[in-house]
Amino acid sequence: MKREIKGMLTGLGVTFRTMTHRAVTVQYPHEREEPPTRARGVIALKEENCTVCMLCARSCPDWCIYIEGHKEQRPPRREGGKPRSVSVLDRFDIDYALCMYCGICVEVCPFDALFWSPEFEYSESRIAELLHDKDKLGEWMETVPEPEPLEQGAVVKGKK
Amino acid sequence: MNPVLALDIGWGTTLAIKAVIVLAIVPLTALILGYVFLLKMMSHMQSRLGPMDPGGFHGWYQLLGDGIKFLQKEDIMPAEADRRVFALAPAVVVLSTFLVFVVIPAGPRLVVQPLDVGVFYALAVSSLSVIGVLMAGWASSNKYALLGGLRAAAQLIAYELPLVLAVVGVVVQAGTMNLEGIVHFQQTGELFGWSGIGFPLILTQFIGFALFMVAAQAELTQPPFDMPVAESELVAGYMVEYTGFRFLFFFIGEFGTAFAFAALAATLFLGGWATPWVHGTAADWLGPLVLFTKVMLVAFLMFWARFTYPRFREDQLQAIAWKWLIPIALFNIMLTGVLKVAF
Amino acid sequence: MTTTDLPEPGKLPDVDVDPSAFRHLADAQVNVELDTGDMVLNIGPQHPATHGTLRLVVRLDGERVIAADPIIGYMHRGYEKLTEFRTYPQITTLINRIDWLSSFANEVPFISAAESLMSIEAPPRAQYIRTILTELSRIATFLLFLGEMGLQVGAITPAFYGFRDREYVLNLIEAVTGGRFHPNFNRIGGLKDDLPWGFIADCRGTMQKVLASCDEFEDLVAGNPIFQARTRSIGIIPAELGAAYGVSGSNLRASGVDWDLRRDGVPYLVYNDLDWKVWTHPDGDSFARYWVRLQETRESARMVLQMLDMLPAGPIMAKVPRIIKVPEGEVFVNTENPLGEMGYYVISKGATGPFRVKIRSASFSNVSILPWLLRGVYIPDIITILAGLYFILGDIDR
């Protein structure tokens, strides 16, 4: 009997103690908790690096990246050379209604044109507006943080 | 002749005024208890803040907003429900709450209707809600509601006995069933010759107080005795088909009855509105505040247990009532009687 | 019935259908004979106690259960079909979502299977970090369990404590992988990235918080006499019967069976380097399952603290070709996931994606014991038993 009464009173003590401590609630939207640097919030596009290789669109498990591009002729770099053909990006849309935030596209891009940004407040009231086009993806580049340093013992690769 | 206002108004007007007072006070008390304990105390016990935005200051407006929201909802009734019984059930539950408030004294002359059998009346009338619960459970034509209603009937009837028997000790000691008489007894009593705090009956009737609190918790179907409304099993039990203002009635009934039982406990065991050194007209002003404070203390205990403990299973619940609480209550009565005659 | 012609817009096709022909698809054949005098209650797909969309059709006599029939499949997402048309990195992303509470632990056996087919081994630092993250997901899952079992039994407060304490662990996982719930961090040959600066110190602090919160759960829930009255001797699974039904994980250990794949199965990750013990309980009832998981949470926190001290330096990715084609072969890898034993049988035909993946999920077998277990119990005990078995619908239905 004594053990039961002690058990009941300890439980009461736990709730009373929690009541006297500060609540852990972060009152969003008045206060904000900053997500960590690596948080997968939104994908940003650096257009000048993109060569329209389509690797990201092909490797997306949801097929939510829509890319269209065309080839243009540019003048040769040196005198007397052949004209170069350059791929120009017409359309690069990511449909965030489908996106799983897996990061495969960011990872496979060989030219470092896609980056993760921890920005997460981009909800819309219409699903169609969740399709971010080339310009909007370029705007997200401003929110991309610097990659943070790694823990001790990690092998730091040289910068590309 | 109206004793409080010293005016000469007819019995019809008096009746109307009293009815309005009761009808206004019950939802107000339900709101206050709901806000302080359900929204704020529960939240802090769970390490969160509760409503903060509605009304600007710590969300005081939340329950009012909830009430208005419930009032404007669509009135849905299950197709196979018994329409009249379904509609009447919340009214019966709330009616019993209103009736209990009629006898609770808030001051020396502030009681809606003083009754010589106050205690008896209060406990009898509070058990009317069982009928309402059964009506709700059956008329909903829903198996979950039926299970909840049947569990409630068994539980509420089982815990009526400890509730009543716990109070008998108080009545024996105070010598009267009149609630004002009991308050007067506690106010003018003395502890070994010292009349500083009067003689709150909790000092000698602590067993009765404990029994009353446990039985009241069960009468209100609050955890650890909330099998009829087991949220994780029956999803609101007998109330599951109720929405809109009918659910609002149940809500007001639940929290209003919580206030009523806490007020009864405060009156019977803690001295009610009385403080020993304040008499006369001053007590008319101070009485309600003192009663409110004592009610808040008692309600704090009730809700603290509510938010901490898991629920008993139905058979364990019945075992506690019949095998433990009733024998202890009978023992308490016997002991009180013997000691009262001896001293 | 012929539906070769498309109907006109707005008009239903004109077909002759026998309504009873589709009954087996519409409302699931119930193996319970409908008798008068007993009540059939449908603890339906939408219910707060069934951890998702599990449907239990119970035949009741008053409050006692005569027969119970679980009906699953309301959340079937076709994982095994999905894996036939995706590459290994894409599948890694998807299988996070099988058991969504301990999502990192779902990736480990699959990636181990692919790595064993390719005969490559992840470097030691990657193994350690994988183990740390697996144990962190185990802690996160069990903290939720400790809270929500209290909730199912009636105490509302422990659930909030469970979620609050879980946040600390999820923040750790997010700091490393970028995702709280779906890390998608394993790659064939190692991991995607290394730990960020400050992780080791944060992790140590969080593990102390986890240990403190386990003490709190012990005070508030396990030590509560009402909780014990509700869970002791409820839902006793005899050891041999549990093993015969395929029950695994903490459920089996709570019946006294000393079996843990981390120690007894094919060695995987770095569990053999650590000093830890397997917790069992002889009773086999719901309280034993709660107690075993409580102790395992503490044990996982201690293991993480050990691993943080022992973390070797080095690369986190082995040498793998750019386009990964797994050579032909079949392999079955199973691991000790928080919910039980999870395994992947991978058949590869040399392409960039597997040919067939069969997923052995823990909860599917755990739930199979329910018809036997739920005979003769009261309705409240159904809820206690379901809470104690701790299954996730995504894990049952895949």
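Going by the order they are written in, the chains are A, B and C; count residues from 1 in each one.
Note that contacts are C-beta pairs under 8 Å (C-beta built on N, C-alpha and C of every residue); 3 or more make two chains touch, one makes a residue touch a chain.
The structure presented is a predicted model; accordingly, all values stated were derived computationally and were not measured.
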Relative to chain B, chain with the most remote C-alpha centre: A
Contact-richer chain pair (by C-beta pairs counted) among A-B and A-C: A-C
Computed distance of Cα centres, chain C from chain B, in Å: 44
Euclidean distance of C-alpha centroids - chain A vs chain B, Å: 55
Chain centre separation in whole Å, for chain C relative to chain A (CA means): 27
Multi-chain contact sites of chain A, meaning residues that touch two or more partners: 8, 11, 14-15, 18, 24
Residues within chain C bordering two or more other chains: 157, 161, 164, 220-221, 224, 226
Multi-chain contact sites of chain B, meaning residues that touch two or more partners: 45-48, 307-309
Chain A - residues contacting chain C, complex: 3-4, 7-8, 10-11, 13-15, 18, 24, 35-40, 59, 61, 100-104, 107-108, 116, 148-155
Residues of chain C touching chain A in the complex: 86-87, 89-90, 93-94, 125, 157, 161, 164, 167, 171, 174-179, 182, 184, 192-200, 216, 219-221, 223-226, 228, 311-316
Residues on chain B engaged by chain A in the complex (per definition of touch): 41, 43-49, 52, 304-305, 307-309
Chain B residues within the chain C interface of the complex: 42, 45-48, 143-144, 147, 151, 223-224, 226-227, 230-233, 235, 307-316
In the complex with chain B, residue positions of chain A that touch it: 8, 11-12, 14-16, 18-19, 21, 23-25, 27
